[in-house]
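Two complexes are shown next, each including chain A; its partner changes from chain B in the first to chain C in the second.
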Partner chain A sequence: MTVTQLVFLLTGGVTLGAALMVVLSPRLVHAALWLILSLAGTAVLFVLLEAGFLAVVQVAIYIDAIAILIIIVIMLTRRVMIRGETQITRNWWLGALSALILFGGLLILLDMVPIIAIDTPPPIADADQLLEDLGRSLVDVDRFILPFEVASIMLLAALIGSIMIAWPLTTRAEGEGDQ
Partner chain B sequence: MIPLSWYLVLAAGIFCVGLYGALARRNALAILMGIELMLNGVNLNLVAFWRYLTPNFITGQVFVLIVLAVAASEAAVGLALIISIYRRRSTVVAEEINMLKW
Partner chain C sequence: MDQILSDPFGWFNHLLHSLLEGWGLSPGFISFALNLLGAFVMGLGVLFLTLFLIWAERKIIARIQDRLGPNRVGPFGILQTVADLVKLVTKELIVPVGADLGPYNLAPLLAVMSVVGLWAVIPLAPKLLGADINVGVLYVVSIGAISTLSIMLAGISSNNKYALLGAFRTVAQMVSYAVPMVLALIVPTLLAGSMGMVEIVEEQRSIWFLVIAPVAALIFFISSIAEVGRTPFDLLEAESELVAGFHIEYSGLRFGMFFVAEFLHAFTISALTTTLFLGGWQGPGAAEYPLLGLFYFGIKTALVYFVVIWVRGSFPRIRIDQMNQLNWKLITPLALVSLMVTAVVEKLVVEMGLIRIGVHLGANLLLLALTLWALRAYSRTVRRRVENPMSGLTQSAHQSLSGE
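After this line comes the complex of A and B, so read on.
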């Protein structure tokens, strides 16, 4: 067992444990904090996989933006959680069963794929070159400019859409509010 | 070195935990967190395959970036929906949001 393997096992264990705590923790704020730990563990795994740029993006987008957004919304809707009722549905065991079946099926499938036997990654020729290539490929007409532009338009649509949806109730068209 | 299978098993585990969270939690916010976990597991899978199979082609990382953009916009729209529903019905419990259900 090498040092890298030890680091992987530690990080992977923390990531998986934090993910479990996200779905099991009864307090929603705690769940969000565990989610941050799990996302940070994934960032460390990205570093282990020599994808440093993605690790930075993971921290900047997931931990900075998404997790903070989730925590803010948890605080905005706080009154609901304090009632102290159960946090899982009546049919939670169906969810657990399907997750277990999916996990078992994935394990069986993985066992049948020959690629799985690779245990040393091939060397990367030039990491800096690769990062530059990533930047160029996103705006290269022959490569990924179409997904890139589609993603930009989708982000813009999501921006406008969330502003529209979350607009204060009083200034909206009247008549559709109930209760 | 670390075998590829370790990454794949870990990613599958994170995905399934997220799936359980998305299916079994009552709170819409917790469901969103489960979905984020699932996307996270997929990202880990993509990066692992990129590193072990085609490390000199950047396609795998581009996929991950697109998935990140999708996750960000999904979180923004989902949270805006939750805030809007909370304003109207004072609840974020998924099973009480049944206006469209007969």
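After this line comes the complex of A and C, so read on.
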């Protein structure tokens, strides 16, 4: 067993264990932290696959943006200092069942992909070139500029919507407010 | 001897490599062990540097405030920090009742880790750096998130309202100042045509990016001071309001780790500013003699670090509404405009050399002048409003001004 294999097994184990703890952890803040560990494990797996860009993007988007946002939401909405509420509902077995079915389906699907059968697939020759191509394709008129711009407009709409929700109600006269 | 001067780090690496080979170890293990050793030396080196940094900062702040500063322990009081460290190590570690132990213990570790992790991609000299990853800039951004995380964890897990309030302010400050910081980071990426730190330094051989994009450099500098949470942006631990903010429940070495992380982070942003805008290790003769490059890098970083301390010694802490206004009404729009201006100029001006630099500089100076003009007009209206509060205001607007 090489060092790489050892690191892969360790990281894979930690990632899976952390993912399991996300759903099993009784406190919401802990669940968010386990989620961060699981996402970081995925980033390490990307590094092992020599996909440095994907690893850094994984950390930048999932840990930097999404996980921090989740913790902010928990901090702002839940009473974080109070413990003892359980996160497990009565329908936990339905969730477990659907997770198992999804996993099985993915396993069968991936088994049909020919490259999985090869023991050590050769690394892609010029990964940087591919990355540059990906960047260009997002702003290329013939390729993905329309989906890219549509996604941008959707984000803009979400931004404006959140501002509208947070906008103070100035039309209401004094004393009419319910608080 | 010639090789020692032209490539000292490669020579030393080769020396260690052949030594380990002599012991009969396998090549894979040797490179693994050498990488581990390199990371260890780098991490330990910057942490020991912090001892000196804290002393320097106390000394300079003291001079700004017309005091002497530490002057009893060792020559010029240079061993003062060592004495403080010994005191911190021997202090009792007090854990508050009801603390959430996992995150509580994790937070100081993450704080130090995020700062030391940044040094992995900073090129200290030609061929002297941890890792030349082609997405260095993105790495800097994503590692910075971990320090936000550590402060939030400390606030949540301490079971203390002041700590939680400090963490809430983190949300308002560190997350929002990351926006202009990332926008300002795109400008050197754009100019160098690469996200790798090594290439960004190489591109500054002829001219520093500070000259080409002064607005972006300024925005990066200001927003990274806010990211570190130093004066004037030290709302996270405003003593007069929050006692000590997020680290109120930490004692002994756990507090020491937050302390070290903050001071080292201030030095790290100086190093990052140097790398991105001041040419990194570039200087006369640096390419031939890497040790000279290390010297230049040290000098430039020390200069930027002095400015950081100077700012700390000169400005009062700003209020939280001023902090938000500064970010969302001034710095973020300015960063967006500066990014657009740089992109347009870079596309339009095809000539290289002096003309390109001149057009970039001119556009930036115009932008700065417009900003100053807008600020002047804004401050005039504010002043007029303070002098004569009821004039020109409708009833509802007046209500929204006088308080929610």
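One rule holds in what follows: the second predicted complex is superposed on the first by the 142 of 179 C-alpha atoms of A that agree within 3 Å, B and C clash if a C-alpha of one lies under 4 Å from a C-alpha of the other, contacts with A are read in each partner's own complex, and residues count from 1 in each chain.
One rule holds in what follows: a contact is a pair of C-beta atoms (placed from the backbone, for glycine too) under 8 Å apart; a residue touches a chain by one contact, two chains touch by 3 or more.
Here the structure is a predicted model, which is why all the values come from computation and not from measurement.
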If touched residues of chain A are counted for chain B and for chain C, the larger one: B
Chain B versus chain C as contact partner of A:64, first or second or both or neither: second
Which superposed partner A:161 touches (first chain B, second chain C, both, neither): first
Shared chain A contacts, counted only where both chain B and chain C touch the same residue: 2, 53, 57, 65, 76, 80-81, 168
Chain C - residues contacting chain A, complex: 28-29, 32, 98, 100, 102-103, 106, 133-135, 138-139, 141-146, 148-149, 152-153, 155-157, 159, 164, 167-168, 171, 175, 178, 396, 399-400, 404
Complex interface listing, chain A residues touching chain C: 2-3, 27, 29-30, 33, 36, 52-53, 56-57, 59-60, 63-65, 67-68, 71-72, 75-76, 80-81, 128, 168, 170, 174
Footprint of chain B on chain A - complex, ascending: 2, 4-5, 8, 12, 15-16, 19-20, 22-23, 28, 31-32, 35, 38-39, 42, 45-46, 48-51, 53-54, 57-58, 61-62, 65-66, 69-70, 73-74, 76-77, 79-81, 86-89, 91-92, 94-96, 98-100, 102-103, 106-107, 110, 115-125, 130, 133-134, 137-138, 144, 147-148, 151, 154-155, 157-159, 161-163, 165-166, 168-169, 177-179
Touch list for chain B against partner chain A, complex: 1-10, 12-27, 29-30, 32-34, 36-37, 40, 43-44, 47-48, 50-53, 55-56, 58, 61-62, 64-66, 68-77, 79-84, 86-93, 95, 99
